[in-house]
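Labels run A, B, C and D following the written order; every chain starts at residue 1.
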Amino acid sequence: MDEVSRGSEVERDRKRVERLVLFTDAVVAIIITLMVLEVKMPTLPHHASDAQLTQALSDLWPKYLAVFLSFMVVGQFWSMHHRRFAWVPHVTAPVVWLNLLFLLFLATIPFVTAILAEQTGRLSTMLYAADLAIVSLIVLVLWWVLGRDARIKEDPSARHEMQMGAQAAAATALLFLVSIGIATMNPTLARYSWALVFFANVLVRWLHRRKSHTENEVRL
Amino acid sequence: MDEVSRGSEVERDRKRVERLVLFTDAVVAIIITLMVLEVKMPTLPHHASDAQLTQALSDLWPKYLAVFLSFMVVGQFWSMHHRRFAWVPHVTAPVVWLNLLFLLFLATIPFVTAILAEQTGRLSTMLYAADLAIVSLIVLVLWWVLGRDARIKEDPSARHEMQMGAQAAAATALLFLVSIGIATMNPTLARYSWALVFFANVLVRWLHRRKSHTENEVRL
Amino acid sequence: MDEVSRGSEVERDRKRVERLVLFTDAVVAIIITLMVLEVKMPTLPHHASDAQLTQALSDLWPKYLAVFLSFMVVGQFWSMHHRRFAWVPHVTAPVVWLNLLFLLFLATIPFVTAILAEQTGRLSTMLYAADLAIVSLIVLVLWWVLGRDARIKEDPSARHEMQMGAQAAAATALLFLVSIGIATMNPTLARYSWALVFFANVLVRWLHRRKSHTENEVRL
Amino acid sequence: MDEVSRGSEVERDRKRVERLVLFTDAVVAIIITLMVLEVKMPTLPHHASDAQLTQALSDLWPKYLAVFLSFMVVGQFWSMHHRRFAWVPHVTAPVVWLNLLFLLFLATIPFVTAILAEQTGRLSTMLYAADLAIVSLIVLVLWWVLGRDARIKEDPSARHEMQMGAQAAAATALLFLVSIGIATMNPTLARYSWALVFFANVLVRWLHRRKSHTENEVRL
């Protein structure tokens, strides 16, 4: 291939990554905005008393909490996608479809969160954990596929980002899968166990920082 | 035209293609996200039993299936648009309007899919096939118009992409049109026949790969 | 100002135009997509007969027509925005606010179209004409303000685009305002008179093409 | 770090800022468009009289007003985000999350505005003021965090933009917080006091223009 057509190929690749990323952003924007916009006041009589309004607002409380939780979870997935895709130089058909699948399941998070906000039984807990385990597994496959890409392999920092992403996703998926088992015995305990996801992610990041320090020392 | 104004014309063209593409992405993002978000739980009593929840979830089953099907079909059209438009250097008014028409009919796919998920009679089958035939015909005209563009004709790879797109769209449209005929006799058979669309698309791609290999050999 | 900071200022300007344009696209994408997605089937019994389905679909007919009309009108405004903004090098606060106002009223088009599709009386006709006259007037002010911008004035083609835009918008606004008057006497005639908008726009474009030909001849 | 990887780091930073900005735009586009699209006609009899239509339209009046108010407020926040982020060279995790939080609360503005449009009591006034105070406080922290960024500190104009943003946000938050206190005694007076926000913002801008003039004189 000559210089010029290679240049325009790089340009086409860049455009396709950009488009995938903006498409993802649009979907996430719709998910989180509609979640918030859907919290609506019940119909009150005109010039209702402040007591009636307070009552109506406090009845909406479980919905607010569900929205906030979904927002944090979807925001976390988006923020990580935002960070890692800045390293991706081109996308292939499997990456496009994995990303579409990721969005399909991401869009179900408000659904399972809404169920969890109203029903705190065994099934709703298992459903939520299963949904987040699926999203994490898709993300795991996504970073793994990208990590095997020839052009990402060449760049140590990019490869490192994908590895870190895959490991964090694997830890998240594992914890949610285990919590499904816990929920069969104790749904409340299962829900508390989700806090471990946060610590697992911090741990993965810390281990990677330590490893890259060690590698740098070895190089010196 | 002097160098500078030609340079800024290229820039303006690039901006207009980019804008058309991002507009398309926004519409597709809304279509697929709202499809998923619209699957909502029926109102359950507070602290409903797990049996009630299981029942409510399994009642939603045909809706899930419809969403998944629409998602795959819309995703397929988007993924192909995503791939082919990376080769398009500029857009004209007819291309803008064909793309708008494409989006208009693409947005009706969740509608016909929802009907098909609830009513498996003759009419709903014919409606679905007709809708997808129309979308495919618009896409066919779109790639055909783009394929006749002077700047795309100059670039063999770009022209080849448009030809492949037009042929795949023609095959898809033809199969859906034939399935309308089949549905008048046997709706179930018509629905099974849609699986051929997948194989027709694979065939078109395979024939093109073979052809470009032969051409390369001839060149050598 | 030194070279470097002027370079980054151009870059900042470019980013702000791009952002305004993409924001506009997102709003238009939501408007036209939701219009289409909102056409929903009434609830039918499971396995309804094809006759029931045909009835339900034909009851939706006025809605389809309204969607198609709105789609063409909003699409026309977008296509013209798409074309003209490719010439805009920077935006000022008034342009940002005029564009926001344009979007605010553009988003009311599905509302007035829906009323017109159901009620063909005097008031609904006047409401529709008034809404489109307002959108056209905002667009007129938008191109007029942009046409007075120092950097657009320097570039004859850009200035010409803004003039053409302002004249087309003025003609459109005038015709809709006149049709409000006609509607007080004969609503049906008023609705037919809207077809003139199309011809007025073609006329403006034709006059401009003739003028620029004459100018080119004068230059030679 | 060598030249090449520094170059690609700048490129990655640029992409991440762009993505955050476009994500913000998508969310704001959804918020303002849905606000407008949600104003819907009540179901009228077919071929209703113009008197019935007039009645239905005038019943929607408080909704129109609420939409227009929300539109101006959300538009104001967006226009300022649009202006300031053109100066931001890169984003960090706290900025991403502050921006997400900003969007979360921005999306609640239509909700509190709708309440205010229907209920003009003490509580709805306090709720609206509290919501806008929170949004302003998040924006204040956002510009403050960005203003402390090493690369923004280097560029006097960028630092100046962030300072101006933080001061305007602080003034806005303070006025809304004070109006909560006023509302406990006189809700109507509290609502009128919001007009001061506009003057406070003009004042901040005027003071900054004066200051930068003085600085320029000192330099000469």
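FYI, contacts are C-beta pairs under 8 Å (C-beta built on N, C-alpha and C of every residue); 3 or more make two chains touch, one makes a residue touch a chain.
As the structure is a computational prediction, the values presented were derived from the model and not from experiment.
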Ask   = Between copies chain B and chain C, what's the superposition rotation on C-alpha atoms, in steps of 5 degrees?
value = 90
Task = Answer with same or different: of all residue numbers used at the interface between chain C and chain D, are over half used by both copies?
result = different
Key: Rounded Å distance between chain A and chain B, as computed from the means of their C-alpha atoms   = 26
Task = For chain A and chain C, let me know how many angstrom lie between their CA-based centres, rounded off.
result = 37
Request  = Give the residues of chain D that touch two or more other chains, as numbers and ranges in rising order.
outcome  = 22, 26, 30, 34
Ask   = Along chain D, where are the residues that touch chain C in the complex?
value = 18, 21-22, 25-26, 28-30, 32-34, 36-37, 39-41, 44, 46-50, 53-54, 57, 68, 71, 75, 78-79, 82-83, 86-87, 157
Remark   = Listed in rising order, chain A residues that touch chain B in their complex are 5, 12, 15-16, 19-20, 22-23, 26-27, 30-31, 34, 93, 96-97, 100, 103-104, 107-108, 110-111, 114-115, 118-124, 127
